[in-house]
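Have a look at the structure below before the remarks.
Note that the chains are named A, B, C and D in the order they appear, and that numbering of residues resets to 1 at the start of each chain.
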Amino acid sequence: MGAYETVVKVRFGDIDHAGIVFYPRISEYFHVTFEEFFADRVRLPYHELFDIRRLGLPTVRTEIDYRESLRFGDVARVEFGVLGLGRCSVTTRYRIRKKPAGPVCVDARVTVVCVDMETFRPVPVPDDLREVFLAHRVEDRDE
Amino acid sequence: MGAYETVVKVRFGDIDHAGIVFYPRISEYFHVTFEEFFADRVRLPYHELFDIRRLGLPTVRTEIDYRESLRFGDVARVEFGVLGLGRCSVTTRYRIRKKPAGPVCVDARVTVVCVDMETFRPVPVPDDLREVFLAHRVEDRDE
Amino acid sequence: MGAYETVVKVRFGDIDHAGIVFYPRISEYFHVTFEEFFADRVRLPYHELFDIRRLGLPTVRTEIDYRESLRFGDVARVEFGVLGLGRCSVTTRYRIRKKPAGPVCVDARVTVVCVDMETFRPVPVPDDLREVFLAHRVEDRDE
Amino acid sequence: MGAYETVVKVRFGDIDHAGIVFYPRISEYFHVTFEEFFADRVRLPYHELFDIRRLGLPTVRTEIDYRESLRFGDVARVEFGVLGLGRCSVTTRYRIRKKPAGPVCVDARVTVVCVDMETFRPVPVPDDLREVFLAHRVEDRDE
């Protein structure tokens, strides 16, 4: 199936004193994309993972290249894919391009770990999630 | 005792596309002030109210006049006082001036209700909080 | 034409330590709605108002009743309408209900002033905006 | 001189639906620290770099390990140091420990590039900044 894509609009309040998207907001765009991925592809609203299944997926590592700034008025196409799947962790990739098309503006690897929400200790990624993550595997090559 | 005052610095990421503090951030400055008030005057770290006493103080009404914009580089003096105290609710006032001195830039009334965190239902404001709130009573006159 | 409506999803990062949407985020939902209104109804991307026409619409007053909390997993239907139109200012109303339907959770009046971005001084609301605002007039009655 | 340190309090609104600091907020803590570093050590308020000298320092790369979560009530000691200094770029390191003491909870490398704010093109880091950055050099070893 490959990558999943969603669209995030740059908002008025995302801009910083330099007139570009404040860089921590970029990670919020990733999170919105992850939430949409859960709704659309896992078919599990992300809040149910926490509130019903009592699992969480906290971020343990990020590696982000900000190649080109985003500005107010830009519409970000955020592409999400899975680079690797461990027993308890998932390494994901996010790429942002400006709509309609263009080069990669932001390129990121984000690793999350599956935890039991009661103990915050790592637990194996459940099989149903594992299957969906594997279906969105992407290759790790530059663009 | 009257009003409590703390200082909040306008941060790089608080600025919006118009070059001023994005107005929802002003309410975040109020909340920071409320947290500091709890630490300094109630002598109860705000998180303990939630995590140990299982009480919350959600905001049920705000009325805010934004008279003058704040910009990056400004330091906000936030003044907090209590206008009225009901059985389960507290009506508070926040006023922001720029440091070192000057006219009121933001003038706000914020009403919070004391709730039981399990049920999210109103409960009477506990006596120890009531006492500290009363000690920070301010008069409701314009400036 | 009456009110304009858009949909805003409550996001993971909008939640606070009490497990509900942090109240300043509600005003961000209003702003997103205003940006969408500009794109859909004024047919002027909001950033062009600033960057090309050099006008701004800073918020000078808000009055907000938070009647029911929003939580992660909720989808907010945000209704926007115009209560009054002055020479240089517009008084607007926002109402949030949870999707699919239900009572008003948040009810707000927000007044903005049209300013020249060079001077930040009030200027008359331009005729093309005035016309669209008037077409979205709503009555000021409780619900 | 080595590392610079400042203190950032975890705020009520920084918490996410999992009950920990929403990870993009961690980068905001870094930015606050950078602003404080400018005020305290460069002796140049950060806004003057933009508004008077017309230079910016956008982030072009981040690499962050989130080893331990931060929660509401925690006070973060953020340590800032310089790992490397290029002609137009600076590679910095941020480490967060919980106050009063303890292991590194977050370990980050953040690379910024000096740009001309008119063109957003890289320019050499000015000598006065270069000197202060060099005075805060730290070694790149694990802890």
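Methods note: contacts are C-beta pairs under 8 Å (C-beta built on N, C-alpha and C of every residue); 3 or more make two chains touch, one makes a residue touch a chain.
Here the structure is a predicted model, which means the values were calculated and not measured.
Chains that touch both chain B and chain C: A, D. Although chain A and chain D share one sequence, what matters here is the overlap of their interface residues, and that overlap exceeds half of the numbers used. When you average the Cα atoms of each chain and compare centres, the chain farthest from chain C turns out to be D.
With centres taken as mean Cα positions, chain D sits 34 Å from chain C.
Chain A and chain D have Cα centroids separated by 23 Å.
Centroids of chain A and chain C (each the mean of its C-alpha atoms) stand 28 Å apart. Of all residues in chain D, those touching 2 or more other chains are 12-13, 17-18, 22, 24-25, 28, 31, 47, 50, 72, listed in ascending order. Because contacts link each chain to all the remaining chains, their graph is best described as complete. Here chain C touches chain A in the complex through residues 9, 11-13, 28, 31-32, 35, 45-48, 50-51, 71-73, going by the rule given at the top. For chain C in complex with chain B, the residues that touch the partner chain are 17-18, 20, 22-28, 31, 47, 50, 56, 58-67, 69, 117, 120. Touching chain B in their complex are the following residues of chain A: 12-13, 15-19, 22, 24-25, 72.
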